[in-house]
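Labels A, B, C, D and E are assigned to the chains in the order they are written; within every chain, residues are numbered from 1.
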Amino acid sequence: MHNKNKRFLPFLYLLPTAILLVVFLVIPILYTFYLSFFDWNLIAPTKEFVGLRNYLEVFTDPVNQKVILNTLIYIVFLVVLNFLVPYFISLVVKFFISKMQGVYKVLFFIPSLFSLVVGAMVFTWILNPVSGPIAYILKNFGIAMPNWSNSGILAITVICFITNWKVFGYNFILLLTGLGSIPKNIIDAAKVDGIPKWRLIWNVILPMNRGIGIYVLILTIVQGLQYVFTPINVITTGGPYYGSSNMIYQTYLNAFVLYKTGTSSALAIVTFVIFLILLFIEIRFVERKAKNYA
Amino acid sequence: GKKTSATSVKHITYWHVNAQTQGGATVDELVKKFNDTHKNIKVTAKYNPDMYKGLMQNLQSAQASGKVPDITQVGWAYDNYFASNFKYMTPTDAAKKFDGNSKFIDSNFTKRTLSFAKDSKGHLVGLPYSLSTPVLFINKDILSKYNIQEDSLATWEGIKEASKKIHDQSGKYGLYIQEPADTWAQQGIMLSNGADIQKGGKAAFASAGGVGAYKYYQEMVNDKLALHTPWAQGMDSFIKGDVAMAFTTIAQASHIKKSASFNAAAIEAPHFKDHKTVVPVGGSMLAITAQDSEQQKAAWEFEKWMYKAEAAVTWSKGTGYLPPTKVALESSAFKDYVKENPMLDPAVKTLDNAVPWTSFPKKGLQAEQAMIDARDKILSGSDVKSTLETAQDKINAQQK
Amino acid sequence: MLKRKINLWHILLLLVILGAILPILFMISNSFKTLRDSYGTMLNLIPLHPTLENYQLLNQQVNLLGLTWNTFLMATMVTVGKLLTGLLTAYAFRSYQFKGKMLIYLIFVSTIFVPFTIVMIPNYLVIAKLNLLNNIIGVALPQLCDATGIMIFLKTMEKIPNSLIDAAKIDNIPNRRIFFNIVVPILKPSIVSVGAIFFINSWNEYVWPTLILKDKASFTLPLALQNYISSEGGTNFPLAMALSTIMVILPLIIYLIFQKYILNSISNSGLK
Amino acid sequence: MSKSNATIELKKISKEFKKNTIIDGLDLSVKAGEFLVLLGPSGCGKSTTLRMIAGLEEPTSGAVMIDDENLQEMKDDGHTIAMVFQDYALYPNMTVYQNLEYALKVHKVPAEERKNRIENVLQTLNLVKYKDRLPSQLSGGQKQRVAVGRGMVKKSKIFLLDEPLSNIDVQLREKARDEIQKLHVMNQQTIVYVTHDQLEAMALGDRIAVMNQGIIQMIDIPENIYNKPTNLFVAKFIGTPQINLIEVELQGNQLKLAGKTVIETMDVHLQSQSYYLGVRPENLHCSKTRVSDLSLEVVVEDIVDYGRFVQLLLVMEDGRHLKAIVNELAFETGDKVFVTLQQETSLLFDPTTEKNLYWGNYE
Amino acid sequence: MSKSNATIELKKISKEFKKNTIIDGLDLSVKAGEFLVLLGPSGCGKSTTLRMIAGLEEPTSGAVMIDDENLQEMKDDGHTIAMVFQDYALYPNMTVYQNLEYALKVHKVPAEERKNRIENVLQTLNLVKYKDRLPSQLSGGQKQRVAVGRGMVKKSKIFLLDEPLSNIDVQLREKARDEIQKLHVMNQQTIVYVTHDQLEAMALGDRIAVMNQGIIQMIDIPENIYNKPTNLFVAKFIGTPQINLIEVELQGNQLKLAGKTVIETMDVHLQSQSYYLGVRPENLHCSKTRVSDLSLEVVVEDIVDYGRFVQLLLVMEDGRHLKAIVNELAFETGDKVFVTLQQETSLLFDPTTEKNLYWGNYE
């Protein structure tokens, strides 16, 4: 058990992952970082060095400012729809009902099996503000459905709802699993002590489930911003006037529609930095325990 | 035997944008036919999703990796961008090199048609392959219900009146103008109000004509006479009978025919009073991107075959586009086809009023984006004149 | 009083389910409608003139079996690859102390936070250099870079008491065997569930394959869907819905088979 | 507060888990203010019974009555019952102090009183210096004390404790045991206390209920449990070292062990046949010299000196073993010893029903 | 197999966890074939010490020597050491049988022998009918037995057990204890056995090491641990009920309790000052009548009948309490009782160093 060559064993285990990461992640990121200092259209033989201009543009161009603001709005919506709502529902399922838990779990998860492309298609049809089923039904009640694709905020809402449809079940299960690992005896103890449920949830359950909670929260933001890419691309292409675009989509737009790799890379790097800040938060609160294993 | 023939076979790849719903099957069919009749050339057709933008995107990556296709279908909007960023062989060169003359080009295409495929320097980049024009699709059931004469729809003013009538009585929208990720249709409206999009390599659409056209459009939207929504949803609404007229590409014809449960028809693109109809042409050209001379030769041969009347008409039927060559347009096969599909008729007629799709020499894609942005802003209510001027200035600044 | 409250919760939950399931029913029902009907009788969940026409058309136009096989192959490669690397990595972190462990771990975990747009182009170039364009492997490789598995496995492994590994160490069980005889079996539920989720996600992967796969013969199902979505030519909605329905069959089967595992993944890791 | 305690009555309680009957028709009534100990081997259903009293588990059939009210229909205000869980069940995100305070706070006990009660309990349980620690920073024994404290602080009518001292070391256990007893004397709560430690049971219980396999084998005051076990199970389960059980023959009035008469009885109403004779180790009278004709001659095989007493392992001629407890280390391994049985301290069990036959002078 | 046991020697072992010194310069040597019990309160470092012997934890300083070889440099073949973990550490994916078999299989013990050994152990530990169950289907006590079995089956030179019986009920514990002892007699392994149960320690240990706060307070044979504790800690930790500790005054040759002479000593080399007098409860001689002038008059405050013995809580005139153990229930609460101390069974501790002063006839 004190064998010397076992020192290298962990690195052997890490090797496959490490190679993959270096080739497909680390080097590409460095390359993108490099590109963010140039003006280039992806294929021209020369790249023009522009220093920090691309970064400056990210923060000064009104369109980019709008997109950054949108990104924040997306985050708020995603957190509410894809995190708070599933969390609430998982608490309800865990603590407030006793029957049918299994059925709910099974059904909630089903949309997660679908591709977002499918989701985006189906929802554009269903939500067509003039001639979709919902619009027809609303019309019968004399309500005109707002033309959501013309309003940035409404478009964002709809797009978030579409990702919500897909992600809800997954997050719900994750959170429910976290709640499931809370020892039953604690709930029993509170029951004997006559502690009201919501109070117990607020005072004990949520703090105990904080690890997985924050994990899901950050996942919701980071992956959510990427998930909305597909519906944006399929439905609004970022419109009206960048009203539904976010930083991820804008990165794509700059790279593959406008062929401004410099701006695109700078945007990507800024996005990455924002995500890293989130990562830092997650480490602070979730991975802290990782240090403890002996 | 087999081995020697195998070595002499040239493999070429053909990149296109035709989805299954839009002629994809026809492309496969044509390619198969060509391969069957040409033992020494084998063409592989590769479909690129997301239309010309998607294809261009893939071509970028391909170029960067050095694995380019041999023949590429390039949308008009990417004309200049393609010309200045990719390596290709011009049809003129190909004809000279492999035929020894340019008879093929001259005899098949009109001057006007060829002009669509020229870059800002006037060089031919590829051969026009598919042509389309915007037309006005109409829901005859609605029109007749509200007693609207088709003649009155020749002008935008007439359309407005008709829309008003329809809207007032039914609450339905009168008009939908396509809103994809380009301003093709909107340019058509401006051109039909006597405006120029570009003049001497500079953007010029913020003229009185351009502003007037957009003001018209904006008012229509504000008054709920025209529907302002992304393309797919707009067309859905038209097909479901919630919008009476749709100003969109002729390529939609067969879809409308197959889906609509009402009496649908098409009429020529309208114009403003005192002006005549001018529309930018839509569609694409075929460019030879092969680098090796043998490949280029095979590509050229494939191209020429594709332009044969029979092939061109077949393709047209499959895609809903108009054929590019004189021979094909005048062939009895195509004429019969138009007879069966009267919606195509106005499109063919409009071809005579078509001009090249404006494509700015520098940063053309960003220029197009600026115009899209202007459209979106105006439709969300911003001041027409200043918005167009800002966009124009922005584009012109990029041209320096 | 208590009983009525519970009923209210069920109503809420049923509403949520309705929101989740109705679009799916809508999708399936439209796949059995003709194009015209899908516009005309959109609201009918039960088709007025049920037809298999879309499925037949689909079968004629694309090689469904081939598409499914491609997708399956790709998803399987990604799943197996991710499970293996994930397990190995998590195990290394769980059971060894070595220099730079925390740093390496952080680097690994941070990959979850890399937006895909950042690496798209460089990755494309790498795949092209490796001559893997138009190849399922080219689609699969970059997808392997995902630390989700590592994180989940590590979290599950942390629940394995130290003394369990210690007990094996005392008995001088070789590491390899500790891994395969003890750790992997204990993790089986989470391996199955994480694997199923990997598979389903990869199955639906869309943006990246679009870039790599050009040849129709190598398409995966989501790419084939593109064939029926066209802005210019109009979208054939019922046909697209038919393909969507076909697309979801395998994930659904996998889900139903492993549903218990997936839903209970971590909580029932056999340890308590 | 109205009354400081309540009666508990279990009426024909049964409990099944997945078709396995764990508790089968159990009847039990606990008087107000009584200290009842549930004693039994691991897995016999003690915790399950307690959980049903706490309302955490619903009986499959039967009813739990608290002060003659059906528990199922009672509105629980959180004041009636306090419970200490076998596995602590501390709120992991709260400090020791907060753990004790939480229920009181929720139920709006005035801050002043709250503080007093908690401080008191902390003192009693030797937890003062840990009061700001989180449960994860405590040792098992400390956690268990906190769990007990959390129950104590509530001053409920009924206090249920599920093996609350099993992880505490003996010294502290003795102290905690004393404290629990004091608490009971002071507060007069009705206490049901689960343990598998018989010393604890003997020391604490007003009455002890000995359970096995979901059935109460005997319920009585500690002395009777020890001296007059109703059946073989109770006899074996209580007392350490275990009671000696030897197969004997009853012939008329005489009790014969391996053919040799060891006791001559009067007043037998039993059939002449084989029985089990039970003698507690301390009742085996050992001497170096023969006391009477009835004395058995055995050899000392092993000696364990526990300090206060000495345990002898004796081997009979036929190889069977007996354990005896003596107060002093008067023998050595290999010594010959004479063992004398006394009728008063010997029990006789029916070999088939395993019931105590109460011969001799009992009953 | 060469030899069936090995010596263990800990040389100036220290262990820190995050700057907290848990073990501080501990020296300990265990003879080959010895049964050493590590006894101490919870958290004193018993498990840590054991884990260092097992090589699971590296000492911060010092060395562990097995048969005079440094453990750090040894190639472990998996045969030398077996260990039973406090928290069982059973492989959850293997049945009981597979758990026992696993290490043997990996180390290629022949199938026949493997089977024999395992069957044997299963029998011994009463586990035969559980052999195909998974650990999750076992009760705590059953799990612990499996854990012990897994260690037994290996027949290693050194067998380390970390509180292996703490979750087993008393009856089974007694049996398991006997089995472990038998096992030791048979296999002659070197055993280090951690417990906080002193009866277990007394019954099992060849020697007992009493630990507190990472320091070995005393290491000796059980009798000496009980009768001649070196310091106050050991005296208090061993024996239940706890030893009575009373502040007394030494005046010349006389020992005075609350001013009254209770013992007249000869041969004192101690200063006249305050000391702690320690008397085990069973050594307090209680009688209804005054035995001598030195007898103390006390009142019985409480009586607990444990069956085999009776515990009296006595209160002195000045309110201080004493506990006494008597064999028979001869007193009643409120009775006046005369307590007589005997010099031979009384210990004297220095109030500052807390060391036993070995007055009287010891040493």
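Points worth noting:
Here, a residue touches a chain if its C-beta (ideal position, glycine included) is under 8 Å from a C-beta of that chain, and two chains touch if they have at least 3 such contacts.
Please read these numbers as outputs of a predicted model, since none were measured by experiment.
Both chain B and chain C are touched by A.
Chain pair with the most C-beta contact pairs: A-C. Here the CA centre of chain C is 57 Å from the CA centre of chain E. Rounded to whole angstrom units, the spacing between the C-alpha centres of chain A and chain B is 37.
If you average the Cα atoms of chain B and of chain D, the two centres end up 92 Å apart. For this pair, chain A with chain C, the centres built from the Cα atoms lie 16 Å apart. The set of chain C residues that touch two or more partner chains comprises 42, 121, 169, 172, 229, 235. In chain B, the residues that touch at least two other chains are 64, 232, 236, 240. Touching of two or more other chains is recorded for residues 1, 42, 125, 131-132 of chain A. Contacts from chain A toward chain B in the complex involve residues 41-44, 63, 124-125, 128-132, 147, 149-150, 235-237, 239-243, 256-260. Chain C meets chain B in the complex at residues 35-36, 38-40, 42, 61-62, 121, 124-125, 128-129, 133, 210-211, 214-216, 223, 226-236, 239.
Contact residues of chain C toward chain A in the complex are 5-6, 9-10, 12-13, 16-17, 19-21, 23-24, 26-27, 42-43, 84-86, 88-89, 91-98, 102, 104-123, 126, 141-142, 144-145, 150-151, 154, 158, 162, 169, 172, 175, 197, 200, 204, 206-207, 222, 225, 229, 235, 237, 240-241, 244, 247-248, 251-252, 255, 259, 262-267.
By the touch rule above, chain E contacts chain C in their complex via residues 51, 54-56, 76-79, 81-83, 85-93, 102-103, 106-107, 136, 150, 154.
Listing the residues of chain B that touch chain C in their complex gives 15, 19-25, 44, 46-51, 54, 58, 61-62, 64-67, 180, 231-232, 235-236, 239-240, 249, 251-252, 254-256, 258-261, 319-320.
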